[in-house]
Amino acid sequence: MHGAADLRVNLFPAYANQIYWLAIGSAAAAIVGAPAALIAWARTPYATGQGEPPEQPVKFDHRHHVRDEGIGCEYCHGGATRSARAGVPATSVCVGCHAQIWTTSPELGRVRESYFTNAPIRWRRVNALPDFVFFDHSAHVNKGVGCVTCHGRVDLMGQVYQARPLTMRWCLECHREPEGHLRPLDEVTNMEWTPDRPQDVLGRELRASLGVRSIVDCSGCHR
Amino acid sequence: MGEVIIAELDSPERVVQAARSVRALGYARVEAFTPFPIPELEDVLGVRRTRLPRLAFVAGLGGASLALLVQWWTNAVDYPLDVGGRPTSSLPTDVLIVFESAVLFAAITAFAAVLVGSRLPRLHDPLFDLPGFERTSLDRFWLLIRDAYDDDAGILDEAQALLDAELARLGAVVTRARLTEAGA
Amino acid sequence: MSAAAAVPPRPEADGELPVLEHAGTYAELTDELLDKVLRPPRWMRPALLLTFLGSLVLFAAIAYTVTTGIGVWGNNIPVAWAFGITNFVWWIGIGHAGTFISAFLLLLEQRWRTSINRFAEAMTLFAVVQAGLFPLLHMGRPWFFYWLVPYPNTMKVWPQFRSALTWDVAAVTTYLTVSLLFWYLGLVPDLAVMRDRARERWRRRAYAIFALGWRGSARDWHRWRIGYGLLGGIATPLVVSVHSVVSSDFAIANLAGWHSLIFPPYFVAGAIYSGFAMVLTLMIPARRLYRVEHVITTRHLDSMAKMLLVTGWIVVYSYAVEAWSAWYSGERYEMYMTLVMRPFGPYAFVYWVVIACNCLTPQIFWWRRARRSAAALWVASLLVQVGMWAERFMLIVTSQAHDFLPSSWGLYRPTVIDGALLFGTMAFFLFLFLLFLRFVPFIPIAELKELKHRVATEREERVHG
Amino acid sequence: MTSAREARAFDDDDDPRRRRAAALAIALEDARDPIARRDFLARMGAALALAGLGACTRAPRQEIVPYVVQPPEVTPGVPRHYATASTLDGYAIGLVVESHEGRPTKIEGNPEHPASLGAAGAFEQASVLSLYDPGRARAVTERGSVVAWSRVEEALTRGAWTSTEGKGLHLLLQPTSSPTLAALLDEIRERLPRAAISFYSPTAPENAWEGARFAFGRVLEPRFALERADVVVSLEADFLTTGPARLRLARSFADRRAALDAMIRLYVVEAICSVTGAMADHRLRVRSGEILAVAAELASAVGLPGLPGGVPPTLRAAAAPHRAWIAATARDLAAHRGRSAVIVGNSQPPEVHALAHAINAALGNLGTTVTLAPSPVVDAGGPAHDTARLAGELADGQVDTLVVCGTNVAYASPADQSLGELLARARQSAYLGLHADETAAKCTFVIPEAHALESWGDTRAFDGTASIVQPLIDPLFGGRTELELLSLFTTRRDARAYDRVRARVHADLTRGGAGADLEQRWRRALKRGIVDDTTIAPVDARVDWAALAKRLARTTPTPPPALELVIRPDPRVHDGRFAANAWLLELPHPITKLTWANAATVSVQAAAQHGLETGDEIELRASGATITAAVIVVPGQADGSIGLTLGWGRTRGAELAHGRGANAFALAAGVAVAPLSVDIRKTGARHDLAITQRQRDLAGRDEDILRHATLEEHRRSRPPPRDEGRRHLTLYTKEPREDVHQWGMAIDLTRCTGCGACVIACQAENNVPTVGPDAVYLGREMHWLRVDTYLVGDPEDPEIAPQPMLCQHCETAPCEYVCPVNATVHSADGLNEMVYNRCVGTRFCSNNCPYKVRRFNWFDFHRGEDATRELAHNPDVTVRQRGVMEKCTFCVQRLREHGIRERQGRAAAPPRTACQQTCPSAAIVFGDLRDASSDVARLRSDERAYAVLGELGTEPRVRYLARLKNPNPELG
C-alpha cells in the first residue's frame, strides 16, 4: 500500500489551467490553420510568380519599343497567330533596326555579340506554364483573346513580369464564360482597348461570330 | 467560497443512504465523489439529465448535410465532369460519406460535450487541495456539502446536529474544510 | 500482489462461468491493476526493443518504396493490387473486433466485455494505424495524398466521390477518430487513478496532463456514462459501415469474383472473425504473463470462442453463397473464377489454406473443453488470422490475375519489400501495443470496480433472497 | 566509347555541318550532368510535397532560346515534314519524317512511294530511335584512340594498291541500289580496275537471284500484284513482313481479304510459324528441307507442258505423304489460271525458285499477277555478292587496304567463313559503322557512319523507283556517309554527298528531256520523295525449259536431316543490325510474344519427345559448333524442325543486347544456307523468358473476345439482329453530343496480320518508355497498344489469330468512376482522357478495366535517359513521371492540333492515329462516328462488327470486325 499522506500535494498551480487551454487551443488551431494557411499562401502573388521581373540578358524596354516606336506585338512575336508558341524574336530581328541605329550602345553589346558569334540570346521565360500544360497561342489569338488579357499591360513594363496568376483556376474562369474576355480580332494587340458596348453583349456576339467554344475537357490543355 | 462539510464513506450503499438523508435534511448544493459511477446517486442528488445525446444528434445532422453539400457542389456544380457516363451527383454514392461524416461530427461533439460539460480539461482544481481527495478515485466515497453554513432559510436550524448524527450512524468520517475558490 | 485465491469457478446466477473472481477490496483490486503499469514486468524492455527494431524494418521499407517507386513491390499489370491492399483490409478487419467488443457489447450490456474492452479497443486503434499506412503508401505518387480530400485548390479540381477510395479515406479517418475518442474517454477516469496513485511527482504530473483534471463527481460520471454509451452506440454502426466501405473497394469493380452483393456483410463478418482472433492472440499471453486469470476469466475465453464460432459460420456461409451465386448466375467469368480459378488455379494452395483455417478451425469450439482451453484458443486464433489474411490475398489477387481477356493473364510474386512491409507492420503494431501496456492500465479500473460492486450486490441478493 | 569532348579536340575538318554537330554534341554532354535539372526537380518536389509544402515552391525559371537567324520556313511550334527513304538490304521504302525545329521525332510512310503506300514497318518506325542512340560511335578512332579525319584520309589513300591499279584494295559494302553509289563505284573501277568490290548481307536474296537464272537464264526479280490474284501459294515465303515489297503486298493482300465477295485464298507450306503462315487458309507443316519435294510435286500436279520429261520423280518422292493436299492446291491453282501466284522465300534453294517460276509460267501468271524485271540492286546475282573471294584474298594476305561500309561482317557471317578473324590479316582496314561493334574491334580505323536521317544519298525501291535520302538533322556525332568515305578513292576526294546526289539526279532528270526547269524539278523530287520515271520496266521473260530440265535432272535432293535447324531473320533485330534499338528489342515477337531475346522454337511433339517445355535451356550442336538457347514450344511448327532467329548473342556495339539470346551465326548458319542437321541436349538450366502474353488460349471466350469463322460459316449464320437497336438495360442514358466530333475506331481482324508495326508507331508517337527484360518478365511492359495473339482451332495444329488491343474509350468507362481524384474522365468528343498531372497512382482504374490496357509507371523509366536520347521525344506529348498511369489516348495531341487548325479554316485531311497511319494492311480505321460517310461509321455498322466484351456494358468506341478465312472446300 502506498503511503496516502505524501500524495496530497497539489500538482499544478492555479494559472496552469490557462496554459493548458492555450496549449490545447493552439494545437487545434494548428490542425485547422496549417492547411488553410497553405491554401491561402498558394494564391499569393509570390507563389504564383507574379510581379517579379526576372534578370534578362538584354534590358529590352517594351515601353520604349511599343509606346514610343509603336511596334506591334506581331512584329517580334509573330508566331502567335500561326503556332502554339508565340516565339521570341531571333537576333536578326533586333539587328534589323539596330544595324542602323544605336549601333554602338553598350546595352546592345550582347545583341551584336550574339549576331556575330552566332550564339543565341538566352532569354529568361516570364510567363511559365508547367510542362504538362499545352497552351496554344494561335487558338486564343484567333478567337478574340487579347495579349493584354493574359500578359497584362506589357507596354507599361520597363522589365516584363508575370501579370496574371496563370493558375488553372484563373484559366478556367475564362474557359467557362469566354464572353467576359473576348474582343474583336483587330483589337487583339491593342493594349488600351476598352469595349464600346457592355462586355457581355459584345462578348456574346463575338462568341457566336468567332465560333468560340467553352473547352473544359481535360485533354483541351493536358495531353 | 466557504466552509464545506466532507463525509467520507467506504461503500457505495452507504454513500447513497448518506446522500438521501442529507438531501432529506434540505441541503441543496451537495456533490458526491466516487471511484466508479453509481447511477442511484444521480437521482438522489437531482443531477439534471444531460443534453449531450441531443447535441450529438444535431451535430450528426450537421455533418451529414455538410458532406452531402460538399459532394453535390464539388462533383455536380463547381466542376461537373462526365465520369463513365454516370450522373454527376447521385445519392447512392454520396450516402456513404454522408453517414461517415455524420458519425464523425456526432462523436467529436459527444466527446467535447462530456469534457466541456464538466468544465474539463483542467490541471488545477481547488477540490484537489482537500486532504484525502485522491482516495476518492481509489476506494473512498465522498459527500461534499457546500451550503452547510449558508444561512438562507431552506435549511432547518437543527439540521447541523441531525446531520452529524446521521453521518456518524453510517460510519462516515466527517471533516470540515475551506474551499479556496468556487471550484465547480 | 495477487489477492485471488485459486477459487474454483462458482456458477453465476445464469449458470454461466463467473465474470470476476476477485475477493479483495477495491483498493487491492486497484493497486493490483496499477502494478501492471507502475511496476512493469521484466520482459517489457527487451520486448519493446525487439518490436522497435521490427518497426525500423517497416520504416526502411516505406522510405525505399516512396523514394524508388511501387516497382520495388511485386505488383504488375494485371495484378496491380497485392500485398499492399491485402494488408490494409486485413489490418482494418482486425481492428473491427475491438470496437465490436467495446461498443456493441456495451450496448448489449454483456458483463464479460468489461475487463477486456480497453485491451480490444487499443488493438483497434493500433490496427487502424497500420491499416491507415497502406492507402497512402500504396499510391504511385504518395506526396499528393492531400488530393483525396476536398480542399479548395488553385486548380478548381475536386476528388471524385463515386470512387470507393474517397469513401475509404472518409471511413478510415472517421473510424480512427471515433475509436481514439471512444478509447480515450473510457481511459480518462483510469488516468485520474494513475494521477492519484503513481509514486514519483513527475509521473503523476504526466498522468495529470492526460487525465484532463477528471474529478469523478456524480455529475461528471453521469455525463461520462451517457457520453461513453453514446460513443459506443455510434461506433457500432460505424464498424459495419467502415468495413462495408472497405469491401466496396472491390464490390464496385466489375472483376469476376469481386462485384457481388455478399461482399459487405461477408467482409464485416470476416473482419470481426479475424478481429476476435487477434484479441485472443494478444489476450491469452497477456493474461498469463500478467497473471490476471481471475479478472479475464474462462468466461471470457468461452464467450470469445462462441463469437469465433458464430462469425466463422457466417464466413463459411459467405464462401458458400459466393460459389453458389456464381454457379447459379451461369455467367462464364464468375463460374470460372469461383469454381475453377480459385480452387484449382495457380493460387489453389492459398484457397485451401483459407478453407482449412477459416472453416475447419472454429468447428472445434462446439466442444466446451476446447472453448475453455487457452492453448487451443490461442492456436486457433493464429490459424484464423493466417486464414483471413490468405482469404483477402486470394480474393484480391486471383480475380486480377485471370481477368476477362486471357491475353492479359499474369501472376503475382511477392518481393522482399512486400514481406518487410507485412512483418514490419506486425512489429510496429506490437510495439505500439506494448507501449500501451507499458503506460496505461490495460484493464479498466473504474469499470471493473463497478462490475465488482454489481457482482457483489447480485450475490447478496441471491444469498439473502 | 569516346566522349564528345575528345571528338571536338581532333575534329578540324572544314564542313560547317560537322562543326555545328560537334558543338551540339558537347552541349548535350553538358546538359547531362549527373543529377539532370529535371531529375533534381522531381526529387526535390517529391521531398517537399511529402512534407506537405508542395504549395510553397514556385516553378524555377526556364529559358527561351530563339534562333540567331530564323530560317524563313521555320515557325517554332509548328512541325515540318520532309520526304526521305530508308534502305534495308538495298531496297528502299519511302518515308515522310516529322521534324520539330530541326529535330526529327516521328517517321511515317510516304503515300506516293510504291513500296510504302503510306505505311511503315517496325524497322522504319524504330529507326528514329537509332538516330538518337547514345551508344553510337562518336569519333574517328585508330586502334581505339581518337584521331583526326585527316589521318584517315592520309592513311587510306596510301598503300601498295596505289601503284598496282588497285590490286590489294578491297571494298566490302552493303548491297545497294543507289544510283549515285553505283556511279561512284564505276568511277573507282575505272580509276582502279583491279580493286575488288564486294557486297555482303546475310539476308540478301541470293537464292532467288540464282533461281531466276536457272529459270530465265538471267537474274530477274519477280513483282507480285496480289490485287489481281485469287489464289496464292507461299513456299516458306513470309511475304507479308519480309522482302522489299512487304508493305505493298500486305496492303493488296488485305484489300483482297476484306473484299468478301472476291476473297483471296492463301496456301502456305512452311516449317516455322510465320506471320504469313498465320494468315493462311491452309497451312502445310513440313520440314524446310522437304519443301523442294513439295514444290516438285506441285509442279507435276499443275503440269509443266514445256518441261521436256516432266519433273523428275526422284525430286517428288519425299512429298508423298502430302500428295492429297498438294493435288487439291494444284487443282485450285489450275482453276485460277492467270489469277494466281506461287511465291518462294529466300531461304529455299534456287531449284524451288526455278520451279515456282515454271509453275507461274505454266499457269499464265507471268505478265498478270507476276511480272519480272531486272533487280535495282547493283550487280544483283553477280560474283560481287560472294564473300568467298574476299575470304581467300585475306587468308593469303593479298589485301593491303580493306574498307568495310555498314555491314557488321565479323558478327553477321556464318562462322565457317571466319571472316571475323581474317579481317586482321589486311594491312590496314577501315570500318564505317553506326556502332563500334564486333567488326569495328577488328579494324584499324573506326569511322562513325551518318544515320539515314543525317545523310544525303539516294536509293531505289523494289520496282526501281529512285528516292532521294535527305538529312533531317546535322550528323549528331560527326558521322560520314558511304559516299563521302568512298570518295577518297576517286579523283574528287572531298566531294560532298549532296553534290554527288544532286549531280546524279540531274542526270536522271535531263535524260527525260527538258533541262530548263532542272532546279524546280529537283525540288519537286525532294518534296515528293520520288524521282519521276525511274521505275525499271518489267521484261517479257520466257522460261528456258531445256536448261531448267537439265538443271532439275542434276539436282539430287539431299534427304532432310532427322532434326533440322531452320534459320530466319528476326522480325525485330533482322540480322542483328537493330540490336541496339530498345523499341525493337522490346517489341514482342509476332508469334512467340518473346521480348529481349531469341529462343529455339520447338513443336509440341518434339518438345514432348525431348521432355522440353518453354523456358528450358538446350544445347544445340551443328556443323561442329555448339550454342545454348532457351526453348519456346510453338504449336503449329513442323515436328522435325528447330527454329532460331539471327541477330542475337551480340557482344559489342549493342549495349542493350549484349549477351541476350543465342548467336545463330556461330552454328555456321545463314538464311541462304540449307538447313543444318542439329542435335539438341537439355542442359537442365531454366531461363526467365520475358514473354508478354503467356496465356495463348481463349478459354472458350471466343464469342466475347475474338470472333473467327470461315466465309461460308459467316454467310450461313447471319448474325443476330444488330444489338445496337435493342439497347441492353443500362442505368446511364447518355446520348453523344452532336456539336463536336465523336471519335471511334474499327479494327478489321480479317485484314490484321499481327506484324506489330502499330506497336512501335504508337511508342514513337507517344514517348512510351521501354522497361527492360526483367520488368517485362514481371508483367510491366508499357506498350499502350499490344497485339494479343491467340491460338484458335484444333490444339494440335492451331491457327494463330492476332488482335490489336488498345484502350476502347468506353462511353460508360469502368475505369473512370473508380478514380478517386478525377484523373481519368470522359471528354465531350468521346475520348477517355488520362490526365497524368492529376493521377496519384492508386491503380484502381487498371483493375477495373476489363481490357487491361492501362499501363503504370512503376519506376521513373525516363530518369536514366541520356540527353541525346531525350531528343527523340515528341514535344506535343507529356513525358510521364513515376507513379502515373498511362494509356492509349487515340493520339489526342493530333486530334487537338487538328481541332485547332480546323476551327481556323487551315484544316488538312481528317486526323489519323499513329497506328492507323502506319498499318501496312489498313486494318485500323479511326474517324468521326457522327459523319455517316466516314469509313469508321460504315465499318462499325458492318455485319461482322462486334464489341469485345460488349455485354459488360462498357459501350466501347472501338469495334472489331470478325476474322474470316476462305478455306478450300476440298480441304475442309
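Every chain is named by a letter (A, B, C and D) in the order it is written, and numbering of its residues begins at 1.
What we mean here is this: a residue touches a chain if its C-beta (ideal position, glycine included) is under 8 Å from a C-beta of that chain, and two chains touch if they have at least 3 such contacts.
Computed from a prediction, not measured in an experiment: that's the story for all the values here.
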Review point. What are the chains that subunit B and subunit D both touch?
Key: A, C
Check your understanding: Which chain would you call central, comparing Cα centres to the global Cα centre?
Key -> D
Check your understanding: Between subunit B and subunit C, what is the separation of their C-alpha centroids in Å?
Key -> 30
Revision key, fill the gap. Cα centre of subunit C to Cα centre of subunit D, whole Å, reads 58
Practice item. With chain centres taken as the means of their Cα atoms, state the distance from subunit A to subunit D in Å. Key: 47
Check your understanding: In whole angstrom, what separates the CA-based centres of subunit A and subunit C?
Key -> 52
Check your understanding: Which subunit D residues reach two or more other chains?
Key -> 52, 55, 814, 817, 819, 822, 825, 827-828, 838
Practice item. Note the residues in subunit B that touch 2 or more other chains, in rising order. Key: 79, 81, 83-84, 86, 121-124, 134-135
Point to revise | Two or more partner chains touched - positions in subunit A | key: 7, 11-12, 17, 20, 39, 42, 48, 172
Check your understanding: Among line, ring, star, complete and other, which one matches the pattern of chain touches?
Key -> complete
Study note, to complete from the structure: Within the complex, subunit D is touched by subunit C residues 66-71, 74-81, 138-148, 154, 157-160, 162-166, 169, 249, 252-255, 332, 336, 400, 403-411, 413
Check your understanding: So in the complex, which bits of subunit C are touching subunit B?
Key -> 25-27, 30, 150, 156-162, 166-167, 170-171, 173-174, 177-178, 181-182, 184-185, 189, 192-193, 195-197, 208-209, 212-228, 230-231, 234-235, 237-238, 241-242, 244-245, 248, 446-447, 449-450, 453, 457
Exercise for review: Would you tell me which residues of subunit B are touching subunit A in their complex?
Suggested key: 79, 121-124, 128-129, 131-135
Exercise for review: State the interface residues of subunit A toward subunit D in the complex, per the touch definition above.
Suggested key: 34, 38-39, 41-42, 46-49, 54, 79, 82-85, 87-93, 114-115, 118-125, 128, 130-132, 134, 136, 138-139, 142-143, 211, 213, 217-220, 222-223
**Study point:** Touching residues on subunit C, where the partner in the complex is subunit A
**Key:** 27, 31, 146, 151-157, 195-197, 199, 201, 204-205, 208-209, 213
